[in-house]
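These notes concern the structure reproduced below.
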């Protein structure tokens, strides 16, 4: 067995993590950045060599892992996962850079971050159901320790535990689903498979699909998070340290949405029993869009506001996925990338504001624009991207997902579009509230320094670039490796 | 005749059993158990188990029970006093015991017993036949009992050794 | 099939089994209600004896010697158990006066 | 070549904006003063070049996105309509940006650069809006002008009212954007394309691809739906009823902004939209009729409110709404060219009015209350003259440009002669009279009579040349502009109509002879009211309730506040407290607590008593036995 | 060859006896070493006894392990002693398991005993005896040998639990364990007697052949299954027969707890599989129903009660109860996959559970075991390696991939769903969520910021034992195939090749 590029993408950060953990702070950070950049380079290399319009997984690696149970170590990427893999590597790099050396036990922090990144990369690249599950669960471990040991607030341990238990409640039931898929798939005994490329063609009977879909969907819904399974999010995001949020908020939720796309949709083409799950989920997604926006409106804490906005945005992604057509699903993937670019930037900005003013409460942060003109400028772009301003990246994703939803059922798109109206309400309240006031902020606060600006710069550039030429991304999305997904 | 013996022995055994669980003095319980054992030994004899009969009297009733008596003598006659802490224990125990017995009884009803093997009752259960069994087919279990006893002995010695610290 | 001839009398194995069941239950009751640990130990011996009766009865009914051999093994085990049990109790008695098994309730929860 | 030129129209303002955004606040002021207007004027020149070369093409640049059957290029559509709009935007825009060089001179360096950045962004966005060759980039431009408007309204972010007004404008505009997005969805689902050319050619072919009965294709619910959804966008952007409430508040922005965005260009985007979408509206008769009705009603509605306003810019804002109502009326009845002619005319005289008012405000140290002016005629003669020209043009005094454009609209409505158009004509007629009155009130109040006792400045200075020259140019245009299109009166040229009717639909009815008379009579009456306003000003003492109603703008803000804003906040707050925390989170936390409580009580069974353990053991055995017996029995 | 066990075999020859001895050579060798250890204990001067006995024990375990491994590799093995014992791969699997357990136990307990001032060689002798008993159980193919093996290791453990003679908790544990154990033994024995009565033999494979399909529903056998079943459930500490477990685990010295938490469970499962799956296949529905009830109760009771614990030993005891429930799923599912999953899980449970307890041994002071969860306070600074390993053990027990516990559960649950026990599997995963709560709670003091900085000294042998457990917990997770193959080979004699 030779180690292929995809293995390198997740092994590199993992091995890097083991090394970084035992290095002194400075060296550890250099090493961590180096590892992250290397992984990003490999991911980009894969994206560059990626062939569009090829309906199988690419860069595949196969190794008989537990042959008795037909479990294989199978990696591969297709048009759906490739960009998420790149995004993950990219955000990891940003997160590494965003980690201040003053963090307590910084080497350990970086190591855990790298490990979490490795887990997420694995989730995105696994094409074997069991392997997917293994990565899916494994990434919880570093996430838990990060939240707990490096969390903010009064009781980060509690938030971490809530996150882990809630997520596990879903994902352990998903384990039943994984097993059920194995047991009930429509093949002769002894020929079962966990191969995600083949499973769509051996789907179980609709009644079974109904049950299996439910357990898978629950796991993905919790992770995404889909309304009303989101209550871990505010606690966890509030507790998470900012560099962690870059990948935690930027990437981890996407793995849930990715699960819907990679597993729930193709593996269960007809999940009907008492009702049809493919109608329930988009309705919940719309519920999430509206509810998340409303809750964001009600928040005073800026970090919580962004957290709820994230719930609202994830609703668009799930809605697009369950549009069950090309526009919706490609839009969803686009939107995953877009959201992955925007949310880290928002959290970073909120954190920097907190650093300087000592507060995240909207009522005590105001008039920063004259004090921090550069931050104000960048924040403007980020806020506009977040509220889906046409021309910036998020618009493309929202447009496509809603277009897809309209094609499926106009009512879904109309309800979702109300979310588009609510978004500027809270986003502008956040932005204007923090930036503008009749008088400048009471005390002198420093503007963001050059390092922080360079950290945001690539994100901001991407916001423009993805808005102007989203076709670059969709060009590769033509490669869809599974039946049942829109091509 | 045999039935009469059975009835008498059975009644003695039951009486002894009741004695075991009702006497307050441990020593009386022990003696009741000896009574049970003797009654059972009679039944063993009735069931053509001569060697078991002998062992029951000599080893079990004789040696093991004497050990109990020694311990009681060593520790002094401890009587149960007061009503104990678990108030519902006795009532519930009775109930459960009746239920347990009822279930066992119910399940023993109407059992289709297995066809007996053709056996020469003249040698069945004699010392010879037991010995032949023990040293050939039962060699392994027999050897295991020796290890068992050895371990029990070591353990007993260890536990009853005076603390040297 | 459950009957056999003893000295001319037809006896049924179920009588013996029933007697054993009674004794077994009595032993169990002893364990359940008695508080003196020695008596509990004795009650367990009673239960083992009841089983022995079952074994020997079946042995006779089946005309199969194994039951008796099994009964012998059981006696050995019972003896070993008694020895160890007594040793443990003696060990406890050496440090305190244990007249009620319910006094052994330091470990709980 | 032309392809590059078309892109350059967008390129200059974009480049200007980027340069000013990046380094502007560190550059000398003079650089900003040059780059800001230069970017716009360059665009103007390029547009003029295309205009003179009669370019008419659809230039495709790159594939923006391809997703299954959804494939969309970035393309720019150069035709007479877009060239016309570009000329208005860059021409009038250039004048206004130039004017701003003087008007904004008081701002400090960073703010100064910021202002011109925003202005260039706006010009870029507006040009993108009119040049876009497909619905998506139309929406992009549509939203970006909304954004620029947001920036510029909130330019003085130290003012809380400005910040709130900006947000209000943005959210209202987003409602419009959403309407347009949904409209685009309808069209895409029906025609599987979103470029104008594909959609419009599909419309001309077998119309409704998804209709059950193709014979209904001429006007199908699908088309009506799309037309109505697009209309939502138009209404929001052009501040028509019922999405108009943001425009008066938008006057919080600097005056050049009001002139450019909230009078001359952006707010007319709705008119452009209906004109651009004329193939759709020609088919969708109900939506088309709705355009006319909304326009007419808004025209009257806004004019009545303008009567009681005391803030000079607000009068102009309501006047703008009212005039755009006219344009809507025009395009709504199918007189597209008339609507666009009024758009042009309005750009001239309303920009003029705003800028002249800006001179006044400047001189009055940002005092905008007309009651505190008075007597400016003698002190600021050039400004007063230009303002008067604007007023007369607005009222429609012969031969100012407003007369010709307004006459053409009302004439078209009068001549078409069906009940709908006659009704809207009636409303238009009434509006014209009211226009005369409120304009007169504004004029007499501000410039005539004696200086008010509360006037902040006793001896106001006239504006500098950089401000005065653009105003003067516009004044000239307002005076002579009408003569390029006089054919409605029976004679003379009709340059605008001839130019535009290559693109938009020609009215299919003849101008009736009575229309000209009615038009002249209307304008005469309006002029009379303008003059009479000097005396009629204290009318409100007679009907105080009407005064109150108008001062509260028919209570629209209050209604919206009660119907949407406050319920939303309340639902959010209550939802957060009672649902999110109690139910959604409570269920999760509750499950954990329940487990802990169960554990706590189960723990009591582990009492430490040996005999209890045995009892449980026996109980377990009994349960097991019963289980198996029941199993066997069943 | 199968002997008619009931009749004396007067042709039994020396050669045959020696060959039979070969089949149980692991047991025989270990017994020999135990005798040697006893002699050494008696002969040597007191200060050196303990060390020498420990060495003898380790050597004995290693030798035994070698023997079993050799026979495993060469595929030797078959019935012995007229079918009363066997050296088949099932037996060898457990012999290997118990030998490894023995080595780990001695490695951990020797330093522990020194710390607690109990340098007594008897401890290792008892461990050896218990291992012998367990091995006997693993290789037993007769009810008699099953019972003797059961009693052998039980009696050794009764004593071992009370090994700290002066400690009231140790005494209490021993007394409770002995009394409840004796009570349960009586039940098992009664059940065995009834099965004997119904089948006329105690040799397990013959029970199956003699009874045949007609035996289904025979009340004698059903009663026998109930009585044996509750006794077996007691031994694997499954609810509601689990009540002794936490008390005994808490009272016993930590190495004993560690040893029996793994050993008792594995031996008892070997017994259940052997007796039920191999001996009573025709009554499958009956014993499966019984075990399903027990499994469900165990998972609920074990997991819920563990939440409320403050003592590590008790917590792990309840965790063990829950784990027994999971493993029972595999037994109930049966078949090659199910039983192989059981064997796999038992093997890996050895490492993760023993490792966890082994870390607790390090906390012991001279006067008492310090086993409160809070005693782990600051472990990451006091001994980082142990902190990492403890984390591995907890995560593995909680079933997080890529640690081995996850794969164990995966195999068990797959077999469960395959056999139609989806409800049981769903219950298992729901309760697993609860379990994460308390496993993670253990990690809280391990990694929380602390003021404690005094180094926690870990003796070499203990470190080695824990490290081996940790490495196994990780490696067997990353590549579980070999261990699973071993499990499949192991159940070959019972489930067919």
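Every chain is named by a letter (A, B, C, D and E) in the order it is written, and numbering of its residues begins at 1.
To be clear about the criterion, contacts are C-beta pairs under 8 Å (C-beta built on N, C-alpha and C of every residue); 3 or more make two chains touch, one makes a residue touch a chain.
Since we're looking at a predicted model, the values are computed, not measured.
With steps allowed only between chains in touch, the distance from subunit A over to subunit D comes to 1.
Chain pairs B-C and A-E differ in how many C-beta pairs are in contact, and the one with more is B-C.
Ranked by separation of Cα centres from subunit D, the top chain is B.
Centrality by Cα centroid goes to chain A. Between subunit B and subunit D the centroid-to-centroid distance comes to 101 Å (mean Cα coordinates, whole Å). Here the spacing of subunit C and subunit E, counted between their Cα centres, is 26 Å. For the pair subunit A and subunit C, the distance between C-alpha centroids works out to 65 Å. Centre-to-centre spacing of subunit A and subunit B amounts to 69 Å, using the average Cα coordinate of each chain.
Taken residue by residue, subunit A touches two or more other chains at 165, whereas all remaining positions touch fewer. Within subunit D, residues 592, 603, 606, 608-612, 614-615, 618-619, 621, 625, 629 each touch two or more of the remaining chains. Along subunit B, residues 85-86, 89, 93, 96-97, 100, 103-104, 107-108, 111-114, 117, 129, 133, 138, 141, 145, 148, 151-152, 155, 159 each make contact with two or more other chains. Pairs of chains in mutual contact: A-D, A-E, B-C, B-D, B-E, C-D, C-E, D-E. On the side of subunit C, the complex with subunit B involves touching residues 1-2, 4, 6-9, 11, 13-19, 21-30, 32-36, 38-39, 41-43, 45-46, 49, 52-53, 56-57, 59-66, 68-69, 71-73, 75-84, 86-91, 93, 97-100, 102. Subunit B contributes residues 1-3, 6, 10, 13-14, 17-18, 20-21, 26, 29-30, 33, 36-37, 40, 43-44, 46-49, 51-52, 55-56, 59-60, 63-64, 67-68, 71-72, 74-75, 78-81, 84-86, 89-90, 93-94, 96-97, 100-101, 104-105, 108, 111-119, 121, 124-125, 129-130, 133-134, 138, 141-142, 145, 148-149, 151-153, 155-156, 159-160 to its touches with subunit C in the complex.
Across the complex, subunit E is touched by residues 64-69, 130, 133-135, 137-138, 140-141, 144-145, 148-149, 157, 161, 164-165, 168-169, 172-173, 175-176, 179-180, 182-183 of subunit A.
Those residues of subunit B lying in contact with subunit E across their complex are 103-104, 107-114, 117, 129, 132-133, 136-141, 144-145, 147-148, 150-152, 154-155, 158-159, 163, 165. Residue ranges on subunit D touching subunit E, taken from their complex, read 592, 595-596, 598-600, 602-603, 605-606, 608, 610, 612-614, 616-617, 619-621, 623-625, 627-629, 631-632.
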